[in-house]
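A, B, C and D are the chain letters, set down in written order, and residue numbers restart from 1 in every chain.
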Amino acid sequence: MLFSSEFLIRFSHCDPAGIVYFANFFDMINAVVEDWFSQALGTPFQSLHADRNVSFPVVSTQCEFSSPCRLGDKLALELSVAHLGQSSLTLTIRGRVAREEKLRARHTIAMISLDSYRAVAIPEDLRARIGAYVEEAPAPG
Amino acid sequence: MLFSSEFLIRFSHCDPAGIVYFANFFDMINAVVEDWFSQALGTPFQSLHADRNVSFPVVSTQCEFSSPCRLGDKLALELSVAHLGQSSLTLTIRGRVAREEKLRARHTIAMISLDSYRAVAIPEDLRARIGAYVEEAPAPG
Amino acid sequence: MLFSSEFLIRFSHCDPAGIVYFANFFDMINAVVEDWFSQALGTPFQSLHADRNVSFPVVSTQCEFSSPCRLGDKLALELSVAHLGQSSLTLTIRGRVAREEKLRARHTIAMISLDSYRAVAIPEDLRARIGAYVEEAPAPG
Amino acid sequence: MLFSSEFLIRFSHCDPAGIVYFANFFDMINAVVEDWFSQALGTPFQSLHADRNVSFPVVSTQCEFSSPCRLGDKLALELSVAHLGQSSLTLTIRGRVAREEKLRARHTIAMISLDSYRAVAIPEDLRARIGAYVEEAPAPG
């Protein structure tokens, strides 16, 4: 299953060359993860913090930018789960404007306790809902 | 040779968990590249744009975050050149607070014409100055 | 007439005190102005730049923050025109979450030529459409 | 007495018109206040939060932008205290590049408890140090 959010490219996202400043794409990547937790997994970030005392900081991220985005573009970011570990998950995020691919990211976050700032295991209820977005392995030949 | 800039971690860099929001690190990575062009390579971004009509957008970036940064930290970012291509260059950027490693990035930028938005060859004068920062290969066994 | 856009308060908007960092409200103020030009006035920023070679920089802004916003809040920004001058316009922007007022801004922008960076008169077609959002004077006693 | 910090205008501060995006000036205004607390008042924000459990959110701000700033500019922000109240203080902040005035702000912050999110009186030790930056009234005629 894929989760998707759309982002309007605004004036404030663009740089003197008239294209999106790359760091702003990471803000949108964070936003699609936030929307996924809130809209698809049923655990918005604020309840993760307040009710479970955990957070999901970024462990590593990697992004290829294949084509620039411009003011007024509508960037669709599609998210799926490439790997679900004990306390971490690696997401695949693809960005498209209409049919043109703009970026492809591999983004790893891990659940930590806000008391210890150490990794903790993702609880079963959340793990089950995340599982629905794990990418299927290609069928064997 | 290494180039280094120091960044003070400010209130505005930090998130509700009290640590630097990861997208802000990419802003600092862009800033150390900007400082390197301006202070070490002798071609500030504004002269690249105005005098040469070129820009250096990000082609791909990859970053591992090993330990969080907090308000008041002084983050030193050290830059060297892992690979110098025809029109692109891949930088290694390491971030430390005192002696503790905080992040390690591999950041690829490419020179494009602001007319065509296509890659163009890095001119010889600039290439020569970049060359001084290329990482030395480890000596053979 | 009022124009309104809604903004979801995201993790990246919030500071270590858990409330929206004030500078991010100005980004949302810019966004509601952008939406107004695009959705209500029929002249998105990109066509102002590309087709008319003008831009609308901020001349002055003033904002009172009456109550903090938090992660997950939906901030509605309502815009009306307090004053329409030759080349400038002063907007009133009110922000509410549900029925609670969060901020009130007075925001002045002016049309400039991107050639001269000087103020130019707002053309009649655009002026007419802006006119529909001018606040009515209170009826005399 | 005046307190001053200098800010290098970076690529990431600038918009498609090639000038600083206005919201980024508020980030610099916050930074000069942060530097003042840390370098002049002897109470960095992190110790306000951790040791005194207070914060200084923005109550209101007002800024006039008289001339645009561009990539490579060095913006000096000068701060003085226009009014020192029981729990709030109003700062005058002037921005110059070389001798040219770029902006002038009136920026009011108030001390709140991080428990109650309510205003609390500025303690005497801090009040005394702030006092040294209060603007002198003009001498009578």
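FYI, contacts are C-beta pairs under 8 Å (C-beta built on N, C-alpha and C of every residue); 3 or more make two chains touch, one makes a residue touch a chain.
Everything numeric in this text was worked out from a predicted model, so none of it was measured.
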{"item": "Selected pair, greater C-beta contact count between B-D and A-D", "value": "B-D"}
{"item": "Equivalent interface positions on chain C and chain D, same or different at half", "value": "same"}
{"item": "Maximum centroid distance from chain D, chain identifier (CA atoms)", "value": "A"}
{"item": "Approximate Å spacing (C-alpha centroids) for the pair chain C, chain D", "value": "24"}
{"item": "Whole-Å gap separating chain A and chain D, where each centre is the average of the chain's CA atoms", "value": "35"}
{"item": "Distance between chain centroids, defined by C-alpha means - chain B, chain D (Å)", "value": "30"}
{"item": "Chain A, residues touching no fewer than two other chains", "value": "11-12, 16, 21, 23, 27, 30, 49, 71"}
{"item": "Chain A to chain C touching residues, read off their complex", "value": "10-12, 27, 30-31, 34, 38, 44-46, 49, 70-72"}
{"item": "Interfacial residue positions of chain D with respect to chain A in the complex", "value": "11-12, 14-16, 18, 21, 23, 71"}
{"item": "Chain A contact footprint on chain B (complex, rising order)", "value": "16-17, 19, 21-24, 26-27, 30, 49, 55, 57-65, 68, 114, 117"}
